[in-house]
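One chain, subunit A, links the two complexes that follow: it is found with subunit B in the first and with subunit C in the second.
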Partner chain A sequence: MSEARHADGGATSTEHTAVTTRRESPLRHRAFSPQRIAAICANTLTELTRMKVFYFLLLFGLILIGGSVFLARFSFQQEFQILKDISLGSMSIFSSLLAIVTTARLIPQDIEDRTVYSILAKPVPRFEYLIGRLGGVLVLLAVSLVAMSAAFLAVLYMREQAVLHETARQMSAAPGDQLNQALQAIRESAFNLNLFSGIAIIYVKACLLAALTLFVSTFATTSLFTVVVMAFIYFIGHLQGTAREYWLHQHGADWGARLFLAFVALVFPDLQAFNFVDEVVVGTAIPLMLFLKTVGLGAFYVVLYTALAAVVFSGKEL
Partner chain B sequence: MTNAAVSVRSLTKVYPLPFRRRSVRAVQDLNLDVQPGQVYGLLGPNGSGKSTTLKIILGLVTPTCGQTAILGRDSRETASREAVGFLPENPYFYKYLTATETLRFFGKLSGFHGVHLRQRADDLLDVVGLTDARNRRLSTYSKGMLQRIGLAQALIHDPKVLILDEPTAGVDPVGSREICDLIGSLRARGITILLSSHLLAQAQEICDRVAILAEGVLICEGPLAELISMPNQTELVLENASDELLGKIENMIAQGGGRLVARRNPATTLEQLFLECVRSKKRPR
Partner chain C sequence: MKRFLATILIVIASGVARLPVEHQLSSVRRQLGFADVRFDLDLREQLGQLGFIAAFSGFRAIVADMLFIQAHVAWEQTEWGRVLLLFRQTTTLQPHALLFWEMAAWHMGWNASSAAFNDQSQPRQALRIKAQREYFALARDFLSRGIQNNPDRPQLYESLARLYKEKYHDHPRAAEFFGKAAALPGAPGYDKRFAAYELSYCEGREREAYQTLKRLYDMSEQEWLPTLITRLKAMEEKLDIPREQRIPDKDR
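So, the complex of A and B:
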């Protein structure tokens, strides 16, 4: 038997030579490696891209084109407001949906397919695997929002130019100052910096939802369970601000109630706090401090839910 | 623990069944040592605790009690997996990746990058015979091809210890033979191999030492040659022996106090016959 084995080994001598070629060893194991996280992140992005999740952008484009054709019959202020409302609202819904649906399947699918065994059998700490997976989703969300924003701003610019030309034509006989004032009013009602603040907050909200979905998926057994739980959290998150105000108004603000409400707010983030679409649409300025506080709150939730996911996943039997 | 490449001490794993107020004892008080350079077979029927033991060694499952180590490092440390490659049972990799992308992904996880990684991936694709299929997505791969790419990813970081869970499960005899040959060549270069299998003929061919588990308990363990040898019997294989010579030998055996147990013409194995038939008709890959 032994002789037969050696004879077989001889038959694969070419293979043997290739396998035995010793190369320089990689660096010593590091407890934290951005390179490993980047590899998992890039792989997640490849996975989601090849699953053709960007197809939903076509739907966004259709809504935008359809909306802009429909809006041509309104005054320019109404037209710009409705266009911003539809576009920012769609961006918020699409990015939230994308965050939940794509994140929900990542961990349960890897466990079901056993791909997670091959990854964690390498010197990869579990928290790096989770950060890499989440990172891929966050990059996908950023790319999607950039694409949607570009489409939205392009349509808004085209409508603005059309209205400017039309106004200039209609007021060709008016005095220069009057014409300039009219054109300036059109420009101001189309573009302002608040648009970018609003889009940034939509991204922060989507990141928060992705991190929360990751946390839920670490103890869920199926993607469907995660999506259903997240649908509940999404609605509770949008309603809890109103419920909190009502509660405090009815029952006063003793410390017990405040503690309870703080706990509820931690488990179910107040998603209404991340909704600046109305302010952006009507052109109300978003104070810098409010913007920074909202971004900070979003970042806090992302870190909190990722840390909780890491704790749950570190003890999970695979 | 010891100088063993893989050591298992007093290992027990109990899976609770919460709604039934019962528990399943997957592994019970298991002790093993796999010495460097050995091909060690963990044998047993389905549900005997082989895969659970391998998962605990790899840190994928936490033991209820006991300890496991790879090259002296506790399995619970992530760094212990630096020197180990793992091929899971029925491996299922990201099907949207090509073979090259898969190897580069796993190489990056192991700390490789750049030209070195590309070269290493190319070498391993050659070793497992997938060079021609390198740019095909894994969704188009057969089971045998997936097993081979699984073996390549297990080897991507040049590990000292290789853990293979049912490495030939579901693979046709030709693919199975190639994997056995590869295991032989890896052993020749000093890689320690711990494998689980319930294909006993293959285990007998490639293992130096085996442990047999049943219901999570170690039943039998030792060097394969010793375990299966029959010390009171001797086998002679003669070529071109005439009937006259055979008669003389039988007489000598009787006169010497021995007993002829069987006289037959040796036969080739069914596997050997199959391989010869298939290889003579083999299409280019």
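So, the complex of A and C:
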């Protein structure tokens, strides 16, 4: 606090108090402080939860997940598959949108409201400010994904129980092993542990997008520009894998095309690598090693883009 | 400017560093059969621009579901050409969803074929039968491609066996595919019985059918189902099995 007053360039008497306090207390300014980051993170989370866009997106996600049960009433396999497709797809869409929209407005809004000046006037390094801001977004994404997952699992459980009871009633006269086989088929169609891997990867992808948006917003002038750039990156990112494979394996292409493909492959993130949902819904098992490597790749991207954001933001004239 | 160049260099250097990892992950995904979808101009024409972009942006499953629901509506309105087109798109987008292959084959092999056979607007029966067979062939094509994409799942082998049995009345092929289904992990217990039943209708393979049925009969009392007993007795009669080697009559 005393240091803050000192940094603000207060009166001479305040400076004197600050110097006295520094002499009396062994507390020193640290280059990296998790407490400062936590404070900014908590503040960001509070700000974001007050935003209408958060409730709007979350509500849309929850309505879509809850409503998916009424979209199609076919056989139980069809119903469960469509329910899972729509729910996991909604989670993916809304978490990606939330990551981009909320992060895109953080820095421009802070500059517009002049909040950034009052924070950085204190002995808070710029990278801590960025990490705290990003941390707030990541917590918000986790909260919204937990809410959407809870709604999804509740709907799936309710439908599973309804189908189980209906099947047990219809097959009450059938031999025990046939009934058990039918009930087992229903349970296998509804839940499998891979659903959680799919949800975890959706979160990792949203974190990556948030970090990338933060990086873009450090050199963008408006939040609209950031959102538009991110929309392009989102689509290109899903094509990056195709460009990379073509660049690495098609040696017949002319050098101009190869240069372009190399640029796409090296600059943009491979977002398709984080798309497990399409496979999870059809019951394909996700090997643990693949899951861990994908999470690791996501963590690498988050660290990289945060570091780049810090580099650009540290040189930004405010 | 220096900072800008440094940022560009870091982005490219990190790209070079992550390239082998991403390439390896992509190879693993391909080995596991993930993202077997070929995004080409054919698919672009089939899906339309928006659907193509959505499918490309990680929402393949949702696009496939929407097309499946459209196919369901087209079926309710008996627009068979549209049903076929929509199921082709659906199965292309989600080649590992057995449900889509099975439903596509069922609509073609059972519903569309019956509609074609009973089509009152076509007075010539020969042409109605021809149209019906074309739909059988479409059903077989869906199931064959489904099996190519999911060779280790028993459900589609079973569906193909049913198609051969009920529509083509081709018992040797039905027996073959019930047998293939039974050999796979997770196959229902009745597949091996159905393979044996179908074998018992194959001319010239009565001995093989008898041995298979007898083996099932000897396996456990749970296998002593009415059809199994009936087919086993029929084989005993046909092969003129000595009385003392036949199964007891009370089991009939």
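We adopt the following convention: the second predicted complex is superposed on the first by the 251 of 318 C-alpha atoms of A that agree within 3 Å, B and C clash if a C-alpha of one lies under 4 Å from a C-alpha of the other, contacts with A are read in each partner's own complex, and residues count from 1 in each chain.
One rule holds in what follows: a residue touches a chain if its C-beta (ideal position, glycine included) is under 8 Å from a C-beta of that chain, and two chains touch if they have at least 3 such contacts.
Treat the numbers as computed from the prediction; the structure is a model and nothing was measured.
Trainee: With both complexes superposed on chain A, which partner does A:315 reach: first (subunit B), second (subunit C), both or neither?
Mentor: So A:315 meets both subunit B and subunit C here.
Trainee: Now for A:105: first (subunit B), second (subunit C), both, or neither, which partner does it touch?
Mentor: So A:105 meets neither subunit B nor subunit C here.
Trainee: After superposition on the shared chain, which partner residues are touched by A:159: those of subunit B (first), subunit C (second), both, or neither?
Mentor: In the superposed model, A:159 contacts neither subunit B nor subunit C.
Trainee: Quick check for you: in the superposed arrangement, does A:47 touch first (subunit B), second (subunit C), both or neither?
Mentor: In the superposed model, A:47 contacts subunit B only, not subunit C.
Trainee: On the A-aligned overlay, A:120 touches which partner chain: subunit B = first, subunit C = second, or both, or neither?
Mentor: The first partner, subunit B, only.
Trainee: Looking at the overlay, does A:234 come into contact with subunit B only (first), subunit C only (second), both, or neither?
Mentor: It touches subunit C, and subunit B stays clear.
Trainee: Residue overlap on subunit A between the subunit B contact set and the subunit C contact set?
Mentor: Shared contact residues on subunit A: 315.
Trainee: Within the complex, which stretch of subunit C touches subunit A?
Mentor: Residues in contact with subunit A: 3, 6-7, 10-12, 14-16, 18-19, 21-23, 25-26, 28-29, 32-35, 39, 53, 56-62, 64-65, 68-69, 72, 94, 96-99, 103, 188, 222.
Trainee: Can you list the residues on subunit B that touch subunit A in the complex?
Mentor: Those residues of subunit B that touch subunit A are 15, 55, 58-62, 78-79, 81-82, 84-86, 88, 90-94, 96-97, 101, 105-106, 108-113, 116, 119-120, 123-124, 126-127, 150, 153, 155, 157-158, 163, 177, 180-182, 184-186, 188-189, 204-206.
Trainee: Tell me, which parts of subunit A touch subunit C in their complex?
Mentor: Answer in residue numbers: 71-72, 74, 77-78, 81-82, 85-86, 88-89, 92-93, 177, 181, 234-235, 238-239, 241-242, 244-245, 248, 265-267, 270-279, 281-282, 284, 287, 290, 293-294, 297, 300, 304, 307-308, 311-312, 315.
Trainee: Residue numbers of subunit A touching subunit B in their complex, please.
Mentor: Checking each residue of subunit A against subunit B gives 1, 4-6, 8-9, 11-12, 15-16, 18-27, 29, 31, 33, 35-36, 38-40, 43, 46-47, 50-51, 113-115, 117-125, 315, 317-318.
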